[in-house]
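Input: structures, listed below.
The two complexes that follow have subunit A in common; it is paired with subunit B in the first and with subunit C in the second.
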Partner chain A sequence: MTLDFAIVVKYQDALLLGLWMTLKLTLICILFGCVLGFLLALARTSSNVVLRGVSSVYVEFFRGTPVLVQLFWIFFCLPLVLGIELSNLASGVIALTLYMGAISSETFRAALKAVGREQMDACVALGLSPFARTTSVVLPQAVLRAAPTLLSNCVSLFKESALVSAVGMADLMFVGQNISNNTARPIEVLTVVALIYFAIAFPLTRAVTVMEGCILKKLAI
Partner chain B sequence: MPDSAPLVRIEGLHKSYGGVVKVLQGLDIEMKAGDRVVVIGPSGGGKSTLLRVLMGLEKIDSGSVSFAGKSYISADGGRTAIDAKVRRSIGMVFQHYTLFPHLSVLGNLVLAPMKVRGEKRAAAEERAMALLTRFGLAQKARSYPAQLSGGQKQRVAIARALMLDPKLMLFDEVTSALDPELVAEVEQVILQLAQQQMPMVIVTHDMWFARNIASRVIFCAGGVVVEDGPPEQVLGSPKGERTREFIERVFHIRH
Partner chain C sequence: MTYSFDFASVFRNLGPLWDGLLVTIQLTVAANAIGLTLGFALALLVMSRWAAIRLPVMLFIEFFRCTPAIIQIVWFFYCVPMLFNVFLGSVTMGILALGLNLAAFNAEAYRASIQAVPREQLDAGVALGLGPFQRILHIVLPSAVRNSVPVLLTNGIGTFQQSALVAIVAVQDLMYQGKTLATQTYRPIETFTVVALVYFAVSFPVSQVVGYLERRREALAS
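Right, the complex of A and B next:
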């Protein structure tokens, strides 16, 4: 068997389009997912029992079920429950946002815990309102502390996003699969697809390590 | 405010943690505007708790605190009412600095004035620089807390509290976490404030500092005031057996 990687070059436009879809989807879901995750983390640390209960159930459920099942459920069941049609993109975004919300909320929760009571005492002693406390002290410190782990969450999301190909979204994985089926060249095409994912994810995972060092140094007081 | 009216009046203050650990058990203290009160007492005797209550950081079980003739903290039926406006005229410095690590020194100082009083950044920064200059920290304005020594951090924490023009300052063992050679620079700053007639309540184990700063010393143990008087008397010739024993043990051995 001879390998012919030149075949991949022929399909580079399609692959790039797929990559663009993957990146777009990932970035949108990172954005929404982080906001959701931060709110969930606040809810999980709140004194309100109902908020705490609901958010805990949510997080544990989404962390404890396969993303693929979540995705299928949202793609096939949610439209039936809500009685509306959802586009591929919409269901992909919803599913991955909910997933990102769940995993990032754990990251934020750990970071919020690390902000600690002494910082809150200082805020109260300075007369800062609960809103100012959250936006000027807790949020920036939690984000800083959470940043390295959040970045690994983002990398996970980027990789998990390949699952949306299963519901027919034209992301990098979907395009790669199609090309490999049509050309009967799975080794070349899928290898290149894997390398593209790796080329993006690897520098980011390296960055996590570097970032951890910098942030720990800054927050060490 | 007439001269005779107390700045702080603590009446029948009871405070426990979760109803189990009874820390303050009927504390009565009256503090005049000119007073610089040093609170001493055994570890676990409730000194920090007293200061935290005065700062409005803790719920109380019963009793009341008034400030400059106004009701400040009161307890009724398990709830603690704290007047947030009165609280703003009190500043506190903690043992462990508690600076905001994500903000520069200048950022730490201007945050509360901007958020609490709506002061403009430029105006707040100008006041902050003046304070930092006074405390010998002007060249550190753009540094982050992690880049400062303990003594510098604590001076920044004091400056940060002063930015809100407090009418009363609370210091809870502010030099105990410092290396010995850094203690003096922080104590000097507090002595400077004392010269400007800033009313303060200070918890310290430092005999030299207590003698030099106090206009009045209170010995607290078992959640009540055991002895209360001028520093020469309480530190020099304490009346009570417990006070004498404590002072000999804690101060005279160390110094």
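Right, the complex of A and C next:
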């Protein structure tokens, strides 16, 4: 069998379009997912039983089921439930945002726990409002502590985003599979697609390690 | 909303779903057997003194950790038969793909806990006159395995969830049966909800056990 990697070069425009879709989807969902995750973490640590219960069930459910099932549910069932049409991109964004929100809420929760009780007492003593306390005392510390894990959540999200190909969104994985089927050259095309994912995810995981070291040093002072 | 639910259509078809669940469990258990054993071997190899051993193993681990599981599975199903001229059953292929993926993640878990064994304990081993092999067997191994249990369980349950991906290459697991049923009965909401609940019913207890183990360790450590 002869390998012919030149075939991949011929399709580079299509692959780049797919990569752009993957990156766009990932970035949008990171943004929304982090906000959702922080709010969920606050809800899970709140004193309100209803808020705590609802957010716990949500997080446990999304962490306890395969992302593929969530994706199918949102693609095929959500439009029926809501009675509206959802574009492919919108469904993909909803599904991956909900997933990202669930996993990063756990990250934020661990980071929130590390903000000491004394600081809360200090806020009360200084007469800060709950809102000011959350935005200027809790948030900066939580984000700093959560940063490495959040970045590794982003890498997970980037990898999970390949699942949207299963419901027909034209991301890198989908384009790659189409080209591989049409040219009957799966080895070359799929390998290159895997290498593209690797080339993006690998440096990011290294960055996570470096960041952990820096933050540990900073917090140790 | 005007949709009328009919969960009976799902319950009339529990047979295929049950068969699917059995395939999913089979995939999970076999992949975990590979992941737990091969993962430990990889962890030892990746800490080797010789770069010729360390680097290829490191590359293997990082490659599996840094690419989407779905492309690993698709790659396996399309390319392994072409490259090596072997034709295995689809469940076997699924087990191999999931098992190698899990081994890479478990190797990292083992490595972290092996490195967490305090230096003094090894020095104590030397002082007591234990040989290098005895030190690994009696000092490193027990505490490394004990420390990595929560992560290994989390990874194992992660593989249970990832196993749904084999539905894309037409292995007849729970997800595949659910997809087929949803199309046949025109009842996607009911079917996918039941499928999601089945996955949840298996994952949730395990994640609770992990949470319990971690809390207990924190309590012991403080």
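Criterion: the second predicted complex is superposed on the first by the 220 of 221 C-alpha atoms of A that agree within 3 Å, B and C clash if a C-alpha of one lies under 4 Å from a C-alpha of the other, contacts with A are read in each partner's own complex, and residues count from 1 in each chain.
Keep in mind that, in the parts below, contacts are C-beta pairs under 8 Å (C-beta built on N, C-alpha and C of every residue); 3 or more make two chains touch, one makes a residue touch a chain.
Note that the structure is a prediction, hence the values are computed from the model and not measured.
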Quick check for you: in the superposed arrangement, does A:Leu36 touch first (subunit B), second (subunit C), both or neither?
neither
Compare subunit B and subunit C by how many residues of subunit A each one touches, and report the one with more.
C
Touch test for A:Val81: subunit B only (first), subunit C only (second), both, or neither?
second
May I ask you to decide whether A:Phe202 touches subunit B, subunit C, both, or neither, giving the answer as first, second, both or neither?
second
By the touch definition at the top of the document, which applies to A:Ala166: first (subunit B), second (subunit C), both, or neither?
second
Could you tell me if A:Leu68 is touching subunit B, subunit C, both of them or neither one (first, second, both, neither)?
second
Should A:Gln119 be classified as contacting the first partner (subunit B), the second (subunit C), both, or neither?
first
Please identify the positions on subunit A that touch both subunit B and subunit C, taking each partner from its own complex.
none
Could you pull out which subunit C residues touch subunit A in their complex?
1-3, 62-63, 65-72, 74-75, 78-79, 82-83, 161-165, 167-168, 175, 178-179, 182, 188-189, 192-193, 195-196, 199-200, 203-204, 207
In the complex, subunit A touches subunit C at residues 1, 60-61, 63-70, 72-73, 76-77, 80-83, 155, 159-163, 165-166, 173, 176-177, 180, 186-187, 190-191, 193-194, 197-198, 201-202, 205
If you look only at subunit B, which of its residues touch subunit A in the complex?
52, 55-57, 84, 87-88, 90-92, 94, 96-102, 111-112, 115-116, 144-146, 153, 160-161, 164
Contact footprint of subunit B on subunit A as seen in their complex:
118-119, 121-122, 124-129, 132, 136-137, 140-141, 144, 217-221
